[in-house]
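Report on one structure; see the data block that follows.
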Amino acid sequence: MMTKRVREILSYYDSENVGVRTNLARFFNQGRLAGTGKLVILPVDQGFEHGPARSFAVNPPAYNPHYHFELALEAGCSGYAAPLGFLEAAAAEFAGELPLILKLNNHDLLYDERDPISAVTGSVNDALRLGCSAVGFTIYPGSAERREMYEQLREIAEEAKQCGLAVVVWSYPRGSGISKEGETALDVVAYAAQIAAQLGAHIVKVKLPSSHLELAEAKKVYEAQRIPLEPLAERVRHVVQSCFDGRRVLIFSGGPKDTDAALLDEVKAIKAGGGFGSIIGRNSFQRPKAEAITLLNKIMDIYAG
Amino acid sequence: MMTKRVREILSYYDSENVGVRTNLARFFNQGRLAGTGKLVILPVDQGFEHGPARSFAVNPPAYNPHYHFELALEAGCSGYAAPLGFLEAAAAEFAGELPLILKLNNHDLLYDERDPISAVTGSVNDALRLGCSAVGFTIYPGSAERREMYEQLREIAEEAKQCGLAVVVWSYPRGSGISKEGETALDVVAYAAQIAAQLGAHIVKVKLPSSHLELAEAKKVYEAQRIPLEPLAERVRHVVQSCFDGRRVLIFSGGPKDTDAALLDEVKAIKAGGGFGSIIGRNSFQRPKAEAITLLNKIMDIYAG
Amino acid sequence: MMTKRVREILSYYDSENVGVRTNLARFFNQGRLAGTGKLVILPVDQGFEHGPARSFAVNPPAYNPHYHFELALEAGCSGYAAPLGFLEAAAAEFAGELPLILKLNNHDLLYDERDPISAVTGSVNDALRLGCSAVGFTIYPGSAERREMYEQLREIAEEAKQCGLAVVVWSYPRGSGISKEGETALDVVAYAAQIAAQLGAHIVKVKLPSSHLELAEAKKVYEAQRIPLEPLAERVRHVVQSCFDGRRVLIFSGGPKDTDAALLDEVKAIKAGGGFGSIIGRNSFQRPKAEAITLLNKIMDIYAG
Amino acid sequence: MMTKRVREILSYYDSENVGVRTNLARFFNQGRLAGTGKLVILPVDQGFEHGPARSFAVNPPAYNPHYHFELALEAGCSGYAAPLGFLEAAAAEFAGELPLILKLNNHDLLYDERDPISAVTGSVNDALRLGCSAVGFTIYPGSAERREMYEQLREIAEEAKQCGLAVVVWSYPRGSGISKEGETALDVVAYAAQIAAQLGAHIVKVKLPSSHLELAEAKKVYEAQRIPLEPLAERVRHVVQSCFDGRRVLIFSGGPKDTDAALLDEVKAIKAGGGFGSIIGRNSFQRPKAEAITLLNKIMDIYAG
Amino acid sequence: MMTKRVREILSYYDSENVGVRTNLARFFNQGRLAGTGKLVILPVDQGFEHGPARSFAVNPPAYNPHYHFELALEAGCSGYAAPLGFLEAAAAEFAGELPLILKLNNHDLLYDERDPISAVTGSVNDALRLGCSAVGFTIYPGSAERREMYEQLREIAEEAKQCGLAVVVWSYPRGSGISKEGETALDVVAYAAQIAAQLGAHIVKVKLPSSHLELAEAKKVYEAQRIPLEPLAERVRHVVQSCFDGRRVLIFSGGPKDTDAALLDEVKAIKAGGGFGSIIGRNSFQRPKAEAITLLNKIMDIYAG
């Protein structure tokens, strides 16, 4: 049942206890991509992060916390990630049906700050009582508050690993340390992936990098070493390399709504560049379920191809 | 004894332990609205929040902590919420007569700050020793201090749930992140309900929303999706939807004293929009008891109708 | 993916947290019997309980801890149960491949006592770090030491449930309180099942009952109420009824090596009587692997039929 | 530097954390047998177990705790094991020179009991502050007190493993459950090895088995399966097999003073039977150091050969 | 095996427990410099500190966490230091092969602050479970945040020493308290070494000092006492003296890439001035492995000469 590729990926985590490896395996053996070594995860924290109407009004069934479990299951996703409330409101109904990630910190937009830091909104105990396979945590490298976030993550990750849970880190550069354009700059995204991996993340999630370079010292190296900035697949390859040369699972977020063709091209680039998969939120739940499943299956077919 | 509707509501909490569900059931099976799935709760934290004279001088018996238990019982309320002192001073006399909510944080007006945060003034242990069915907690989304409040709530809610207590969250947008008008803007109130639910609240309390829209990005969506801003019942419906599509109990506060007719119209709108009930403080205890009971019974009759 | 029957069984555990239900679901969705609501579990604690040669000499590959994981996987078992050492020595290699039960107490035969009590040989933390879905615990009702065992179980079960682990109890009447024949007497086995269920077990394991009745007061009732003693299927039905009328999963041990035909007849009786499955140790690993798989598959086919 | 064989042995412990594997590696990379996968360990707990004169009078320098470190180092032993006092009195002088095992329980002869149990005389913290690579613990299967010993070991082993220390178990059948002859009976020694391994020992130490069989039920199996009782190498092979088929390191104690020729023959049999080495106490320190080194080197040469 | 010089160095730490001395000894008995009393350590925290491309693009195999273990082993380094992620991703594969230092705090460049402070990114427990011999910690004397760093170090060092781990402190003057040139001023570097030693560091790492003097009050003394500012060996001697007169191990970082000849001259000066060795990061892993080994061996030859 365990494919050679999944076994190989698990071998990267051979310093971790068997519980962690067991829970990592659950994501890789779930749904349509089971056994391929690729992941497509459904994350739904936008209700908290952007507000309910901005998140769900375009597809009102998505206001219901049950909807997302159904979507993830029917589309054959590898797992589902959400904050405490969304999981508490539906996990019992779907117990044992797919691996869950409890998002342990969250941020809202009702207060606008230059240097963001999410609030810790759940615990490792919550993850255990809700039957989750992993905890999720967001860091904002570039924020003046980054140190507190890294230290919160350190504590949570140590406890989670002792309990056999996997640790998924959303690494999103943001804050007064970098420009808006810099948030997705290739050098910055690669750096963000490295930081998350060095902090002990088992799965790292970043945004797709642009060809912009933000940091002057880094830019010199990119130019001297002729690190290719185009096409996207090359940038993905560089970020994968920056995430321990592919020895830590790295997945990419789909970003805001776009044309499907553009999105599928991005997925092809992720695959070509050696990325481990996608985490697709708004492009999944902000359209009718049938359409979302069609799109997710196209994405999965690319990864599985 | 347990009606189909109450059973249905309890089923929304099927990830929670039986203690939590038991305590939630107590509110739904209490008083005049028992079995209807609707709640009218008496909250009396104004003594702390606004000062005694502003709260009680207009109806001096209300200075006495026993008064509010009697009012809640005689009017057939679903429960009674108050800070530590008010409960300690009267709960023994009324032990077992109605479900209590210990308000675990409170805020006073003797220091005026732009970004408010309440003080934690009670504990889960206090709630247990006072025979409470729930703890209450206020958050101020929009305040620069919101992160600390969310994290305090996280910790309290985890402990309360382990002890089988329900968690009631007052979610009141306030602070430097939003305008005064924005505090009751439809998009903001809906967002505040979502945040409370994502933080794991079992019962969410918000203010009735105005038709104002505060956040530019949200406004675009409200317009594009033609989310109705009128009448009030439609706004209530939107907030209910934003609170997990009705899968978390959402109740509305009556706000400051108004004409009774206006208040009853609001209640009709709450009912029409699918709200779960009201939490009526000043309109209850700032008039003679007999009048208050008359008004509360009119409100309950609307909900029960 | 979740069948109606498995969903029904999980509904019996709706007082438990989602973690427990998730881990219970894992056994019911594993292997050849996935979805049927029936279980065939491989337990290998005989090395500790009876000694290595008595357990493994007849089939020497079984000395190797890897062997049993392979056997359970290749035969399509629902899960595998073993003491700490056997899991530590092989679990990493098979991480995520099948649900594990860490047997938390064990007993050896180098000291012969009339009132047995197992030693606690593992912890809930061990179960988490080894990625187990359940802890296992043996009680000996009838032993002078039973009270200590029940109290050890209480403490372990409370901790396991908080962590979302399922609790499997081996309930084997034994000790100075009952006769040798009484150990498998119908009234005693039914009583043992009831005790385990009352102690909070999620899955109860007993031996197949004989038609003997041990306790005088009980015998009167069995006779007065004409509780059928024959055939075996009726006795199984009575024990299932005694285990909360089928609302707790009850499985039966296969006992010592017998003819395969006799064993398969027993399985048919378990199925006919409404039992949830078998836990087959010696009849599995005390024969060549190919033969064991053939036998286990015959057993599973009966349950699935 | 790490040989293939040592790497293979470490792979048996791939469920353990890196700290445990690191400390296990230290024994296998120390002294004259470094890299061979074989161990010769010097244990000196006889001062406590048998009294000082019985232990050291024949070779008075051995009264001095420094003596044994020197002996172990000069002879090229794989490690040195002793109780708290002996290590405290000399470990500073030899810090970092060879891997140490802190014997965490000990037993004396000033009180003669039928069912022995050692006193716990040290802690995991002691082992860390003394720079040890492992803790040692003695169990007496067959004693009425065995249960308490197993449970003490369980607790100590869990803590030691969390701290990255290896766990060495002396498994010596003794007590009212078995006869004097039974203490070294083949079936009993094999059983004792199995018990220690199931309790989570990383290294198991037993006495060399005689050809006696003690347990009636086991004897039937030994005869039916024709498990060879002669020569000694075959008995060793059986005990190795009983210790997880060679996937847990099993070493043998030399027992009381004998002729050197007999001792070397035993070592040859241990090697031929697949044992991992010897733990040689009295035969080492109860003779002049030069002679002891000569003997130990002969033993090591056999293992390395 | 233990040389006189290593024994002498260990004697400087005779107030520390044996565990600490054992782990210190491990560095001095490892690799090509074993027994010389000199250390060459490979540190790889640049991925976190400077970003992945700036660190590894010039020699892409260095993106892989396994690479650095191989480099350290093949070159015969005394130890390897890295943050949590890099150790977790490779330590299991190399368990027991060389002494490790878990870098417990780290700093990135995505937020530029004048008064730097690293985030705590690992724990003493992590160091134990990963089989490390030491923890590493960076302080920035001169930063407004220095007090928090010193107090974090105090707590970590106390815990590490109780567990027998050595404490390595990177002492890098930086921040608003000193000028850019002052960061490597002789008086400042000497002061930084003193602070680290006073904080209880067992091994102190500083940058090579320039002949600049930063602090006016100090400058008077340097001039009055005619402390030689040239050549480099004299400056090294002064810093060694400032680090408890050579009774605390002091090593120097190589800084950014330079000509090899210049680097080797520096090493000669360190040796001539009584320094204990070098910690060579970028000059090691930012060139092909074969070249790195050649260079490291030249450096070691100087120290061993």
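Here the chain labels run A, B, C, D and E in written order, and each chain numbers its own residues starting at 1.
Criterion: a contact is a pair of C-beta atoms (placed from the backbone, for glycine too) under 8 Å apart; a residue touches a chain by one contact, two chains touch by 3 or more.
Treat the numbers as computed from the prediction; the structure is a model and nothing was measured.
Trainee: I'd like to know which pair from B-C, A-B or A-C copies the A-E interface, where a copy means over half of the contact pairs are the same by residue number.
Mentor: A-B
Trainee: Name the chain pair with more contacting C-beta pairs, choosing from A-D and A-B.
Mentor: Per the contact counts, A-B leads.
Trainee: Express in whole angstrom the distance between the two chain centres, defined as the mean CA positions of subunit A and subunit D.
Mentor: About 49 Å separates the centre of subunit A from that of subunit D.
Trainee: Using Cα averages as centroids, what's the distance between subunit C and subunit D in whole Å?
Mentor: About 35 Å, centre to centre.
Trainee: Starting from the mean Cα coordinates of subunit C and subunit E, work out the distance between those two points in Å.
Mentor: Taking the mean C-alpha position of each chain, the two centres sit 56 Å apart.
Trainee: Subunit C: which residues touch two or more other chains?
Mentor: Only 14, 17-18, 91-92, 125, 130 qualify.
Trainee: Over in the complex, which subunit D residues touch subunit A? Could you list them?
Mentor: Counting only subunit D, the residues touching subunit A are 14-15, 17-18.
Trainee: Please name which positions on subunit E make contact with subunit D in the complex.
Mentor: Listed in rising order, the residues are 1-2, 10, 14, 17-26, 28-29, 73, 91-92, 94-97, 125, 128-132, 162-164.
Trainee: Which residues of subunit B touch subunit A once you look at their complex with the stated criterion?
Mentor: For subunit B paired with subunit A, touching residues are 12, 14-16, 141-144, 146-147, 150-151, 154, 158, 173, 175-178, 187-188, 190-195, 197-201, 215, 217-218, 221-222, 224-225, 227, 238, 241-242, 244-245, 247-248.
Trainee: Where on subunit A is subunit B touching in the complex?
Mentor: 47-48, 50-54, 56-58, 60, 63-66, 83-93, 106, 108-113, 117-123, 125-126, 130
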